[in-house]
Amino acid sequence: MDWLSKNLPYLMAGISVGGQYALIAIGYTMVYGILRLINFAHGDIFMCAGLIMVYSVTVMPMYLAIPFVLVTTVLIGFLVERVAYKPLRSAPRMSVMISAIGVSYLLQNLALYITGGLAQQYPTIPWISDVITVFGVTTKRVTVITPFLVILLVVSLVFLIQKTKIGMAMRAASKDFETSQLMGIKINSVISFTFIIGSFLAAVGSLLFFSNYTGVTPTVGAMPGLKAFVAAVFGGIGSIPGAVIGAFIIGISENIIKGLGWTTFSDAFTFALLIVVLICKPTGLFGEAATDKV
Amino acid sequence: MSKKTEVIINVALIGALFLVLFLLEQNLPSTHMLFTVLKKGAIYALVAVSMNLLNGFTGLFSLGQAGFMLVGAYTYGVLTIPVADRANVYMYFDGGLIQFALHPIIAIILAGALAALFAYLIGLPVLRLKSDYLAIATLGFAEIIRAIFQWDQLGPITNGSNLLRNYPSYKSVLFYFAASGVCIALIVMLINSTYGRAFKAIRDDEVAAEAMGINLAHHKRIAFVVSSFFAGVSGALLAMYQTSVQAAMFKSAMTYEILLIVVIGGIGSVTGSCISSFLFIILSEWLLRFLDTETYIGDFHVPLLRSGFRKVVFAVIIMIIVLFFRQGIMGTREFSVRSIYNKITGKSRKKEEGGAAS
Amino acid sequence: MSEKKREEVLKIDHMTMQFGGVVAVDDLNLVVRQGEIVSLIGPNGAGKTTAFNVVTGVYPPTNGAVYFNGREIVENHPRGKMKKLYNGEHAEDYTKTLAPTPDKITKLGIARTFQNIRLFKSQTVFENILIAEHMRRSSNLFTATLHLNAAEEKGMRSEAERLLGILGLEDVRDEMATSLPYGKQRRVEIARALATKPSLLLLDEPAAGMNPQETKELTEFIGQIRDDFQLTIFMIEHHMDLVMEISDRVYVLDFGKLIANGTPEEVQNDPHVISAYLGVQEEG
């Protein structure tokens, strides 16, 4: 019991952070599933969502700011795809990846310019930032509601993908890009829609994440972004449940490592995990194997 | 043009370059911006070429360059800090474990060697991965290297997350040009050798290369280790140039910058990487500086100009190049005395290459 | 010369290749003898290229072995997950795993071409052929980089030049390999394979996409290189006139199973072949 009460804060923080990673990871895994592209800019879109919140609360009330953040983030994600990835649709994969790195570089520098390089204080969102006590642990309400919200969003997303027409088109496109195009699927709308969902979830993730870690800096998206990507790979890239489970595992392990006093290695652990997964089971927990035809 | 004339012209041009640099150094104050640009440009040229060897010539999309530079920079710093200064630099670690100092040149070579050793070990698992997975795994390893070097437990050797400083450094721009030049020349010679041809075969088609009797694992490892060796050397040079070094600066953003330099120069062109390195440094450190300072023309406050704007402009230029000029400055072509000569005399490129394939 | 006296260059023993539950090659047994031209034919998806890929080390077979000049070069038996999935026979006959990478097989003297031409696209015809010399280098990384191997480098180049001459490719020497017309590209690919100095050459659909005239030229070309280079040739082909004209023997695969083998005439008249294969003959 003593052990539990000592480690419960870390466990809870882990579940909460894991849920936030999960929301980012879905964006990676869906884009990779369709375009076979590691969207290096996804973490920066998450950062943008944070910054937009910081600036929008200075001109509008909170109940408007939250939808405003969601809409503008979605718009950024949509524009990034249209401007930086769509023109390269027939280019080698390496070019698209470089373009993604370029976008990441641009967004970070833009943020640096706007913020002047100073960490911005994230506004306190009422109710979810309230301090509460659960099982004797004092924490913010966001820590507790994150996992539930994540599960709710993931279930509705899975429903969307399994039951709706656009969801079916998305599944077809990720199975076989060219053929689905031949079958009359409007591939560009499917891809745009994928980026819209990914950015929306990243925006929701940012609301939750920054309520806990309130400093928004231009590079704040890089680390959660990479971790979410690792989570996506860990779960089997292309698989949404895989990404979610992977994200929870990473979030929890990372916080347990912090709890053990190995904070320096909490980031390194994530990458070590990635490398082990890539080497032992490159397709991840739920991924499908693909072989090159000779 | 005979091969002999070409060699003579090249040697003469290099000689002239060093003479000009020497005269500049005699006549301009050593703090002049030009020297900053030239030194940093030479260092970046080396690391960009080393990355191009992997990404451009072997087709291995690796993003570990910053990690290997870090290994090189630290090896240099740790091995050359004078014994007398160690107590001061390693103040949190009782002067550190290492109580000797090596000659800078030996330390630079060791810096490359240690980076190469790291690359060898990392390469064992990751080089089996393909394209984007390799990219993310090397990026991950670079982050792990950074975490390890900042680890307090290793403080007696690495000084933890504190600065390394007080190590010796060469001030003359000639040194940086010579060191970087020799290394780039070695890389070019490798690319032009039978190994270089094997690398290009792997880049073009792995399956066919293997069917031609090229051992993939072996050659990929060679490319990875050699590239990292030179990344390590450039890290050492960077440490020297900056006179102090800290693990925190070798982030993935640094690798991205180097990658973008390579892309701007042309993936698969050594001279392209060199040109774009200098261009990148000249623009970012010097010519575009004005974008970062608030400016008034008369009473008119020029909009947008303030700290950070330079990098935004820069990023936009990079995106334009990535999207619309995918070949970069040079594509896969090389800039050489011969190519200029051929252009002037109007000789067909094809015939020349046939006659004198270097 | 009677068939018995000729040495077996390639022998495939009980080769089975299973991808998950799909059996691509099912218990294949065949022999190719010294100096022969042997064809492997069969409808699309019959497992012909898979058999080639196993012989050249692209993937290890699920079960079975391959011998080259009497020496075993590949062997495998169902392991791990495959143990349960495997539904063939002879699984107990093989006990070890011998799975060399393709470069090792090439070094032993087996060269191949590919169904969908795989030339090095950024390189000239000459450079494409020169690459084959790399595997016979005696220089190491340092001597090669420092250009201390000038004599060897010269030898490599003159060897590649010589081959271009023999194969009549001098006129396209400095063209980009992939800018050539299709038929020429096939020929360059064969030249490149020959540059590895093989004793056994595997051709994967060398006449694919060729018109009758080109096919005729290719037929002569294959016969000619067999004699000039003292080769044994094992090939996959769909063009029946080519197969019937130059093959000494023909093996027929259908759904991964060998359904007939013999001389071209024997195979042509085999009822199994007629029903399984010629009934759905390819156009062209």
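We call the chains A, B and C, going by the order they appear; numbering starts again at 1 in every chain.
FYI, contacts are C-beta pairs under 8 Å (C-beta built on N, C-alpha and C of every residue); 3 or more make two chains touch, one makes a residue touch a chain.
All values derive from a computational prediction rather than experimental measurement.
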item: Chain whose average C-alpha position is farthest from chain B's own; value: C
item: Centre-most chain [mean C-alpha coordinates]; value: B
item: CA centroid of chain A to CA centroid of chain B, Å; value: 32
item: Rounded Å distance, chain A centre to chain C centre (Cα mean); value: 48
item: Whole-Å separation of chain centres (CA-atom averages), chain B against chain C; value: 43
item: Residues of chain B touching at least two other chains; value: 207
item: For chain C, residues that touch 2 or more chains besides their own; value: 58, 114
item: Residue list for chain A, restricted to those that touch at least two other chains; value: 294
item: For the chain C and chain B complex, residues of the former touching the latter; value: 56, 58, 101-104, 106-107, 111-112, 114, 118-124, 126-127, 130-135, 137, 139, 141, 144-147, 149, 153, 156-157, 173-174, 192-193, 196
item: In the complex, chain A residues that touch chain B; value: 36-38, 83-84, 87-88, 91, 93-95, 97-99, 101-106, 108-110, 112-114, 116-117, 219, 222, 226, 229-230, 233, 264-265, 267-268, 270-272, 274-275, 278-279, 282, 292, 294
item: Complex contact set, residues of chain B against chain A; value: 55, 61, 125-126, 128-129, 131-133, 135-137, 139-141, 143-144, 147-148, 150-152, 207, 251-253, 256-257, 259-260, 263, 267, 306-309, 311-312, 314-316, 318-319, 322-323, 326
item: Contacting residues of chain B [partner chain C, same complex]; value: 186, 189-190, 193-195, 197-198, 200-201, 203-205, 207-217, 222, 226, 268, 332, 350-351, 353-354, 357
